[in-house]
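In what comes next, chain A is part of two complexes: it sits with chain B in the first one and with chain C in the second one.
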Partner chain A sequence: MLAYLSRRVVLALLTVGAISVLSFVIIRLPPGDYISSYIASVSMSGGFVSEQEVQVLRREYGLDKPVYVQYLRWMGMVVQGRFGVSLEYRRPVSEVIGDRLWLTMVVAIAAVVLTWALALPIGIYSAVRQYSLGDYIATFVGFIGLAVPSFMLALVLMYLGFKYFNANIGGLFSGEFDLAPWSLAKVWDLAKHLPLPTLILALAGTAQLIRIMRANLLDELSKPYVVTARARGLSERRVILKYPVRVALNPFASTIGYLLPYVVSGSIIVSLVLGLPTVGPLLLRALVAQDMFLAGTIVLLLGVLTVVGTFLSDLMLLWIDPRIRLEGTR
Partner chain B sequence: MAAADQPILDVRDLRTYFFREEGTVKAVDGASFEVFAGRTVGIVGESGCGKTVTAKSILRIVERPGRVVGGQIYLRRAAHNGQASTVDLATLDPDGAEIRRIRGGDIALVFQEPMSSISPVHTIGNQMVETVQLHTGLGASAAREQAIEMLRLVGIPKPERRIDEYAFQLSGGLRQRAMIALALGGHPRILIADEPTTALDVTTQAQILDLLRHLQAQEQMAIVLITHNLGVVAEMCDEVVVMYLGRVVERGPVDAIFHAPKHPYTRMLLRSIPSIHAQVRTKLPTIAGSIPHPFNRPRGCPFHPRCPDFMPGVCDQNEPELRAVSESQAVSCFLYGAP
Partner chain C sequence: MRWRFRRHKLAIVGSIVVIFFYTVVLFADFLAYAPPTESEAQRSLLAPQGIHWVDHGRIDPYVYGFTGRRDPLTLKRVYTLDPTKKISLRIFAHGFPYRLFGLIPTDRHLIGVVGARTEDTLFVLGTDEQGRDLWSRLMYATRTSLIIGLAGVTIALFLGVLLGGISGFYGGGVDTAIQRVIEILRSIPTIPLWLGLAAALPNDWTIGQVYFAITLIISLIGWTELARVVRGRFLSLREEEFVMAAELAGSSQVRIILSHMVPSFLSHIIAATTLALPAMIVSETSLSFLGLGLRPPAVSWGVLLQQAQNVQALAISPWLLIPAIPVITVILAFNFTGDGLRDAADPYGH
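On to the complex of A and B.
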């Protein structure tokens, strides 16, 4: 067990290293750098940047050094817990992300909880009452949910909300609270704005999860251990919930790996459409502006979270599935 | 004692159909047999002739789209006032409380695959304690004591340690023993064992059969042994029921079935047992053809397309019924009485 865990930790660290190289390379892939896109945006608004200014900027940000030196310098900072300065915001990257990070987490965790709360019961119902009217309805709604892109759903809901309820449902705060310091009133304002983005973000995942839960459970329902449980005189509810549902839930533990980065980045497009102040749109803008330290930090963060999430889901599987936990101990 | 002459389980004309989109499958189509306390009935037949569905029908756990559509399943139970009462399981609500008390409490089921018949993510003890508590109302620690006793009874060494293990940690033989212990948790009077030894090697088979006989003597249990292994039948059973395509084609005491089989199907089954006295390098006789597809069951006697004694104009026109040919033996065949 200990050998297994330490092997996983070492592998995880190696993976994180590889991710850091990859994210740096990917960010440097597009031609040009922050300075050239800065020049472009300045000259687009009619300004002018002198050659001398460009040289100064390049030197200031270390962009005149070879790529591997830039990478090593960046890594050197990261190891010390500093992530560099956002070229665009001219503030430390950790500060720029920090503002948005926990708002993203609030929205995403709410969405994940809602997804599971909706999908698991519906999935169980769909499997147990296979081919019933309820199953067909769930399947129909599920496929619609899968087929309709969530930004489309967001647009439609925003339109409907604006037209019929005269409510502007974008963002997470009303205008007057946007820049206000935290107060109870601001929290309450957030709570009022939260349900709609949560619902939109949750629906796409819900449809998918219903299908997965239904398929998993259908596989288990006809297994002999279910028949045996029934033959022992247990009530149908107990038979279903204690045995096949428990087994069908195991694969979900391995989805935690993908859940964590999702919780942090959120859905970029939906966040853009709804104007949510989350990390997703920030990443998009950083990539467009070639704000390499900001973009690199976010990509690195997502990569690390994926690795951590996978590690956590492995631990969770060990905990809930005796077949894995006790492998080789017989 | 008059009660001993009466069967504790009396299945009459049981019919279980599966209503599929492609048509109706008559998995069990008029099966009748009796089970007596302390005795063993063997149900034999090829795969797909309705043995397992019969067992599930008795417990009313046939999966959709299957349903018990006809017949009676009379279970005699000792009522609280000492008077015996009879209940027809076929009329009970399959989700009701009464049939749930009977499942595991009066009639228990042991399956052929001990590995997949025990939950892979719960310990054996977890499932045993659950059953004991359900049927006895004991507290958790008393139920655990009893579960350990049960494991000891079925011959599992170090039961107080094994009880916290999972099915996959046990060997095949121990697993089947645990499965039997699990079934015995509610002190059933009837044990239905569906191919209990099929997945085991020969030595273990013999041990499990010994165990069943031992338990039967100790608990005065009736056993319904479902198998296609006629050797097991000869060793274990008092009565034999031969099924073909969902029907009972012959039934009688084990000696009569083995020494004076009446139905051509029974005879052919017996002839296809490998014998130690057979000439070497001779082919083992088999039953020609295979079981017809359930959607197009043949007209008349269901066995007539494969029957060596097929009488044209009789067997393909009329359906034979189970008729007594002696005091204890009954057969459904026109060889023993024209339609």
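On to the complex of A and C.
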């Protein structure tokens, strides 16, 4: 168990390292350095940057030093929670991002939970009633979910909502709560808007999970111990839920590690179509405007949060599956 | 294997659809009847025209002419059909000149009109905001998107087979390192990252350079899965007797890999590649949809769908969403085909 845990921790740390390097590359890729773009942006809007200020900025970011020193400095600042200044908004990046990061994670995690909640019962049903009408419907919906990119689904639903209900179904808050401070009423409003984007994001993952769950459970159901249990006169419900489902659940739990990055990715595009106040639209605007500190920070934070989520799901796997827990103690 | 594939009905349908789409790729210029970038403000956002097939009891396809004017209140262009003006259509009509397969110069197109310029009068699927004919653009977009998917999967295949092969054949430390890299790549949310890389492409690059760069970026997504498949096959084949026999007979490693091991898992690779292709196409479509992939004047499915990005545009001109249909169809077709191939290649798998 310790070996498993330490392997996971090391892998998570390596991943965070890789993400930070890639984010730094994104910040550095556009021609010219941050300071010259900053000066250009300030003077374009009629402002003025003094020579002294330039010197201070250059020293702080270490732009006269080799690249790896710049990277380390940037990492040092990031660890202290200072992400630099957004060129477009002329405010610290952390302020610009604000609540959006958490809303992104709320949407993503809700989508993962919904994926589970849908895939588990449907998967069990599909396997137990193989080749029934319900099984075919589940397979069909699954294929659609697999084939239709989530942003396209969002587009079509938006269009249908507009045409037949004459309502804008986008957004995460009603107009009056948009800028309001957090309150119970606002949370309730969020909860009312959450289902649609969550469902759109969850559909693709659900399709995949149903197929995995169905295949796993079918394998288990044909094993002799199930026949024994049935011969012993256990109720059908108990025969299925007590052991086969638990065994089939294992690969199910391990896919969650890939599900979260997938959902976070999807949420970027879906947010844009549905106009959700997540980091998605912000990231896109930052990239188009070459506001690289903002963009790089968003990529970094999203990546790190995803890794943390994946790590937590690994811990959950440890709790679900005794085979991993007992590994190495033998 | 072919026999087993035939039993999979959905896969047969899927592969026929795929072949159909690649035929469109080959004949895109022929199927289109207007140059893809030809725009005209006088006919912006025109709704799809209905083709009337029968005239006076004979099969003689025609469309009605139209007149456009600007609504003084909403400033929107409104078009009224002119039932007195019939424009008859002809199969294999003359149109704008092009080179078939890039070689044979011709100006024949599948469909055209008699008497007037085809570009001014025929709009099977309507026009976009700049008054460009959607049908013709869709043909060219199909070509771009499907070719970019194919190119992306080729690069991904090369990387996957190379790294997966090294990983599976040598094992040990190299294997562990490559597996860790794959795990890391798979636990990073890809879209933000690829968006960042795509946005960092210099603005002054030519279409060709952007095309190539986008292909590279999307192929970075697909290679890990392929590498996993190849590695798995290598690991299990390494233990087989025929590999050991070849080794004892003194074959070189390259020879063992190329003439003994690769043929025995070629079908797996083909199946995995077919399943990786739709992911490539979706990636390109998403990137271009967000405005960070291919840029106009290049035409791809994503570029076309970009115009359908907001509800207002969709409410006024729902036909802009038509390019979604081929995208979904082709992805489904590839998935069915790939599933069938995989089952045929590995009946005991899963």
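We adopt the following convention: the second predicted complex is superposed on the first by the 184 of 330 C-alpha atoms of A that agree within 3 Å, B and C clash if a C-alpha of one lies under 4 Å from a C-alpha of the other, contacts with A are read in each partner's own complex, and residues count from 1 in each chain.
Going forward, a residue touches a chain if its C-beta (ideal position, glycine included) is under 8 Å from a C-beta of that chain, and two chains touch if they have at least 3 such contacts.
Being a predicted model, the structure only gives us computed values, none of them experimental.
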Chain B or chain C, by number of chain A residues touched: C
Chain B versus chain C as contact partner of A:Val113, first or second or both or neither: neither
First, second, both or neither for A:Val288, with chain B first and chain C second: second
Partner chain(s) touched by A:Thr228 [first = chain B, second = chain C, both, neither]: first
Contacts of A:Ala40 with chain B and chain C, given as first, second, both or neither: neither
Residues on chain A engaged by chain C in the complex (per definition of touch): 11, 14-15, 18-19, 22-23, 26, 29-31, 143-144, 146-149, 151-152, 155-156, 158-159, 162-163, 168, 170, 215, 257-258, 261-262, 264-266, 268-269, 272-273, 283-284, 287-288, 290, 295-296, 298-299, 302-303, 306-307, 310
Residue ranges of chain A in contact with chain B within the complex: 222-225, 227-236, 242-243, 246-247, 250, 320-323, 326, 330
Touching residues (chain side chain B, partner chain A) in the complex: 56, 59, 61, 63, 95, 100-105, 108-109, 111, 113, 116-123, 127, 130-131, 134-135, 166, 168-169, 179, 182-183, 185-186
Sites on chain C touched by chain A in the complex: 180, 183-184, 186-193, 195-197, 199-200, 202, 278, 282, 285-286, 289-292, 305, 308-309, 311, 314-315, 318, 321, 324, 327-328, 331-332, 335-336, 350
